[in-house]
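Both complexes below contain subunit A, partnered by subunit B and then by subunit C.
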Partner chain A sequence: MTSAQPPAPGRELSNPPTDGISNLRFSNHSDHLLVSSWDKTVRLYDASADSLRGEFMHGGPVLDCCFHDDSSGFSASADNTVRRIVFSHGKEDILGRHDAPVRCIEYSYAAGQVITGSWDKTLKCWDPRGASGQERTLVGTYPQPERVYSLSLVGNRLVVATAGRQVNVYDLRNMSQPEQRRESSLKYQTRCVRCYPNGTGYALSSVEGRVAMEFFDLSEASQAKKYAFKCHRKSEAGRDIVYPVNAIAFHPVYGTFATGGCDGFVNVWDGNNKKRLYQYSKYPTSIAALSFSRDGRLLAVASSYTFEEGEKP
Partner chain B sequence: LSYQTNTKLLREAIFKTKQNKTKLFVSFSFSSGIINMSTQRIDPLVQVETTCRALLNELQIIWEEVGETDADRDEMLLELERECVEVYRRKVDQANHSKAHIRQTIADSEAELAAICSAMGERPVHIRQSDQNIGSLKEELRKMLSQVEEMKKRKEERRNHFIDVLDQIEMIINEINGSTESVSSETVVDETDLSLMRLEELHRQLHELLKEKSNRLKQVQDHLNTLNSLCSVMGMDFKLTATEVHPSLGDSEGSRSISNNTLEQLGTEINKLREVKIQRMERLQDLATTMLELWNLMDTPIEEQQKFQNVTCNVAASEHEITEPNTLSDDFINYVEEEVSRLEDLKSSKMKEIILKKRAELKEISTKTHLIPDTQLEDAIEAIDSGVIDAATILEQIELQIAKVKEEAFSRKEILEKVEKWLAACEEESWLEEYNRDENRYNAGRGTHLTLKRAEKARSLVNKLPGRVEALTSKIMAWEEERGTEFLYDGTPVLSMLEDYANLREEKEQERRRLRDQKRLQGQLIAEQEVLYGAKQSPPKPQSAKKGSKQCTGVPSTKKVALGGPMLQAHKLDSVNSPRISQTRSNKKTEFMLQNDAIPASPAFKRGQDIADAPFRKHPSNGINTNEIESPLKTIPTNDPSNNTMTPLKTISSVDEENRKPKAMHSTASVQMQTDITPPPTLQTSLVEETHEEMEQSFEEKRLALMHSDKQIPSMIQV
Partner chain C sequence: MHNKKEACRNFQRGSCQYGERCKFLHVIQQQPKSNAFGFGTQAISHQQQKPNPFGFGVQNNAQSKGANDFGNKQSQFKNTWTRSSASSGAPSLRQPDNQPQATNHRCNDPESCKRIIAEDFEHERPLWKLTCYSHWKNSPCDIVGDVSYEELRAAAYDDAKRGLSLQSIIERERNLLNSKLVEFENFLRNPYRGPAGSAAAQQIPFPGATTIVLSPTTQNTVAPQSNVPPSSPAFLNVSLSNSEAVGREATNVQLGNNLPTTVASGDSNIWLKEKWTPGEIPEEAPPDAYV
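After this line comes the complex of A and B, so read on.
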């Protein structure tokens, strides 16, 4: 796939995963990049040096990963496990298990907890400092209306997007019940949810080429600001081809954001002024994940088939 | 050499004469021939020869006669010869001297010539020529002298040229520098350098100076022109101004001063005038703007405007665009100023008129809406005249008040109408009371049927009155709560009016009751008296149902009229159309309602209140209709403000939905987000449809389900 296409924008990292990428994330402290993949590995790259720093095998495809600090991270695997990876030792311990594949994982610096969302329709919080053993590390299990598809954190707010177009907003300090229960304002399956860096709301994307910009504040004035817009579409011979929007990433400094879709495009938007700022030239295949580095200087783009059209030869 | 040979020859000749006297002559003639060889004049020589011969002959004769000896003769001859030689020598010396002198002179002249030539920068060609040309010294001298003379003449000429040029240069320089001292008569010319080159140089200098002078003259002329135009625009005396700068500039004839100083002064004068001009122009433009505004404001007729068209056309002109003479003169500006002040006076008087009109309007509205007009503006005109307040602000205030009053009137309208109705009803009530007191009211007469009709109407009105009062009270209370002020009707709070009315009513009721009691007592008294005086005892029946029913029949009883007071009668007549019991109850109810403010809540009151409130309770659902039953506005529902409160929620929500859509989106050029909320496009990709046909599954779920296949999809990461 790579060789046949014209060179895509940006610098391609060497030693990519051998199968589809499920997620990637920049560290909050360096230009290190953690990549989870369907090839059952989590890989740690130094993006500036273009070097593979580590590769950690898992029992099943890894669906999500996140950093703890620069020396360790967490992964969510399709073999139902939540793991903690210590990069220097190449060591992995299992923090705990879900009853179904773990779809997404977040680490909250505010709460010092790992939050995982799974297709077993639960959300679990873990204390990674606890000694090994599931009983010690598990902080709580919170049932969700449907399978968890996407998670996003900002400050003490946690936004959980599930199947059935449900969105739950939690306060990490009081996880007993959602602070807000919402239905997605989009009509189709939620692909990704990401909170604004300023903590006032979240962006939610669907499989039907649309992104909704929502606000936490339920006052009428704030809710009047919410809107949705179409993107990642192609008009061909009168036919509108609509692509799923797989990834959203907010710029940590400017609050602008990038979206990546199955059309292989990465668009950069200014949400306040409702303008598209930039479109990167087309990548060879779907954009699976996006992440800005801590200072916003780098944008990691994972271009890999996201299985939107089923098995491909 | 020739002298020596000559002398030798002479000696030979003299020696020969010693031997042969004849030979002497030959030698003599020979020697004289040598001496006079250069001169070709023969005559004097011949003369001298003949004279000499004759003298020798004479001497020989004398000697012969005397008989001198040969020795004496020889000695005499020798002496003669010696004397001759002496004479010759002297002459030769003399000639030598003169030759040397001539040579000297020639050399001098040559030197002089060379000096002159060098001074004039010419090559002394003549000297070389004279060297080559071998002529006699005298000739040479002559030539030389003539050359020198000529050169001197030329030099003089040249010098004059120089003087001429230098004089001119100096004059111009003086003119430019503005030094008043006259050109010095002695022009010092450098005698050593009178070459053409120098002259040319001086000419160049002169030329340059002339050019500068002409430039300056032009400049001065330009300045003067500018000055002239400025002066003419501002109506000033140009000549005077110019003369002030420099006396020579005043008159157009004669040379003008072109000195630096003059130029500078001219420049500063021009700048000064320009500044003055700009000042005046600004002033004039200000005036013109004011004037235009005033015209605009007061719709001044074109004819009047035409007079000042030349002023107003310059409103936006820049400084150099104003060139028309006298447009900026003091007189003209004063003239314009006068006009502006006239217009301003006119405006202020008109303003006053408007203010008065507005005030009248305000008063009218106030009286119409039974509001107390604000008296604050009464002395506005005096305030304006004394200059304390600006007329415009007053006008603004009045306008504001009018708007406020109008707004208030609008908000009061509904209630006011009710109040008016209520007052009318009250009037009707009092009329009815009066009417009821009239004992002859049923006497047939002219127009009695009309009065009866009126009474009938009034009765029904009075029956409705309590309910109306209740509704009005609650309405006013709601209004007051909303506004936070009292609802005033010609300055008196309506609520207090209503309260008074209620009190009055109660008083009347009490009076009525008192009369009733009195009557009952009277009845008892009569009964007692009858008992006392043996009359047939019968139970007192002051207000039995029977009586009531009897009354219901409408048969008037004169006896009752005699017994009961007018109030009681009125009460009874009130109930003429309804069964007694219900009437009393309704009266009771009315009473409670009227005590609304006066009596603290009692159960009965509460009940009354409940009943009274009922229509208002219903308000949210069909309150408009219940209100409108009594409202004349029913016929014009669009004007009824209360109608708007019931506008369907649907429109509000639709507005809301529109608000959600960002408004700023349409005007920008860059790529816009497509934020329509319309349903998704009809043409979906198969994959989207797919996801909806089956049970909802994310791509990952599907993929995991298919994970058994070994196929691995290559991927890459890009940064």
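After this line comes the complex of A and C, so read on.
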């Protein structure tokens, strides 16, 4: 993935959604890509074959989606529902509801639960096995200080970023209270949080063109490693235009990560050496979401508003 | 541990990767020498934006315990990791934090904190205005009540479904934006006059109130003026002039240009178009509304 010159431009997938893309994910089992959009659909693509394998309508804009396995996935929608979608049958059923639009959803393989965060200031955990459609098993509801904006999982840890720059770190085995409660080390609204694949910490991005690299371990030694850097800014006449950083995605193998901002650029960084590795050529509009495939070979980039989606080998 | 007598220079700069394994001594010392070194490198490798490192510097320096100790070990801050337009592989940026949760920032020195705020607002005003803000990292927000773009968009879609006209949606969004801007201005002027209080005080219809409220706080009277120009000139019109008409006119122009943005700005249309996904709604919403 590292190359001296800017990598070849990507391939755009056909049949993109008709409205903005809220998020996209690669599967952990194959090169299938799940894309959720403001046009109320969730689409399943086979990225390598560039084909649309399924399209699932919802009652409202879909704000997030995730895979369960290659046959099913979950979605979080602005109509306050959490749904499970079975791809092959084209069926979906409602796993549960929140009181406000559900902003983020993740499936934890470790806990076997679906975790959702919503603007109703709660986090809910669901057990999808119990639900044969009839009984939705709500495992628990966990109040948050503010509306949930982003979540990320690694191993047994869950990081929740909410409005008001708060960050809660939970241990999935004991959700009764957060393991750590923090304030963001950035000064402005949080956009996205992603945990490192090695589970030692997380990266937090904000609307002010900065990304902070944080660590779970509260010891002095670990906390001394944390840092923040500026990115996705354009300098013009002596002052910066500061773009929000919308998306972060970690490469599963190398541990390097890509960030996407409203300036339309995707940058790839080496967190340990604190260097930028390269930058892809500018996308027509802001980057809405990023996802690496399970082997790290492909990077899916959602560039919204003009509704295209590009992929790069 | 590692016995060495020599201090680890990397650690001083906050970039030592070895941690405990390091051969050199990890000592937190006040070394004016390395400070100069740190700042020196920064000056060299930092092509643009002097204000930026300075901004960062102020914040970082004030952060160390002696709040006014600008000259101490904060060489570790090295704002050399510039943005995308800079060469790739730019040298690293560092802002290590030796205190795990600096939640105990008390504004011991209001002056320096005010300066931090002024610097932030002048140089690093983000594109997205409906954000919360804290002048100190790891501290609670000074300005609360942020809205994410998705929320704004969802609200606009809902409004459109309910049959609200495009114009009124834009109006509503602009009011929200203006009141938030006013909040920021007020905060800049009176950071310690209960910023949360002013959050409650909705000064929505009086964008011009900011000019009236120009309290004679010395250094801040200059600052606000310089704050607004960074955003585009039309922006200035919207927030400072008391006539909504100006803003509205500008919006109509925008609509004409197919760029319905909630911030009536001139040249910055491009980025606004990309950024303000809600602003795109006017085009799509009507169809959606009838779904």
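Quick notes on this one:
By our rule, the second predicted complex is superposed on the first by the 291 of 313 C-alpha atoms of A that agree within 3 Å, B and C clash if a C-alpha of one lies under 4 Å from a C-alpha of the other, contacts with A are read in each partner's own complex, and residues count from 1 in each chain.
Convention: contacts are C-beta pairs under 8 Å (C-beta built on N, C-alpha and C of every residue); 3 or more make two chains touch, one makes a residue touch a chain.
Please read all numbers here as calculations on a predicted model, not as lab measurements.
Model built by superposing both complexes on subunit A: subunit B and subunit C clash.
In the superposed model, A:182 makes contact with subunit C only, not with subunit B.
Once chain A of one complex is fitted onto chain A of the other, the partner contacts of A:125 are absent, as it touches neither subunit B nor subunit C. By the touch criterion defined above, A:172 lies against neither subunit B nor subunit C after alignment on the C-alpha atoms of chain A. Judged by the touch definition given at the top, the superposed model places A:82 against neither subunit B nor subunit C. Legend: residue contacts after superposition of the two complexes on their common chain; A:302 is shown touching subunit B, with no touch to subunit C. In the superposition on chain A, A:258 makes contact with neither subunit B nor subunit C.
In the superposition on chain A, contact is made by A:240 with both subunit B and subunit C. By the touch criterion defined above, A:193 lies against neither subunit B nor subunit C after alignment on the C-alpha atoms of chain A.
Within the superposed three-chain model, A:221 lies in touch with subunit C and out of touch with subunit B [touch as defined at top]. Once both structures are placed on chain A, subunit A residues 19-20, 22, 38, 61, 63, 78, 101, 103, 119, 147, 149, 163-164, 187-189, 191, 207-208, 224, 226-231, 238-244, 273-276, 279, 304-305 are touched by subunit B and, in the other complex, by subunit C.
If you check the complex, the residues on subunit B that touch subunit A are 656, 659-662, 664-665, 668, 670-677, 679-681, 683-685, 687-688, 691-692, 696-704, 706-707, 709, 711-719.
Interface residues of subunit A facing subunit B in the complex, by the touch rule stated above, are 1-2, 8-13, 16-22, 24, 33, 35, 37-39, 45, 47, 50, 61, 63, 78, 101, 103, 119, 147, 149, 163-164, 187-189, 191, 207-208, 210, 224, 226-231, 238-244, 269, 273-276, 279, 283-284, 288, 298-312. Of all residues in subunit C, only 14-15, 17, 19-20, 48-49, 51-52, 79, 81-85, 88-101, 103, 120, 122-128, 130-141, 144, 146, 148, 150-151, 153-154, 157, 230, 268, 271, 273-275, 277, 280, 284, 288, 291 touch subunit A in the complex they form.
Residues 19-20, 22, 38, 40, 61, 63, 78, 101, 103, 119, 147, 149, 163-165, 182-189, 191, 206-209, 218-221, 223-235, 238-244, 262-265, 267, 272-279, 285-286, 304-305 of subunit A are the ones touching subunit C in the complex.
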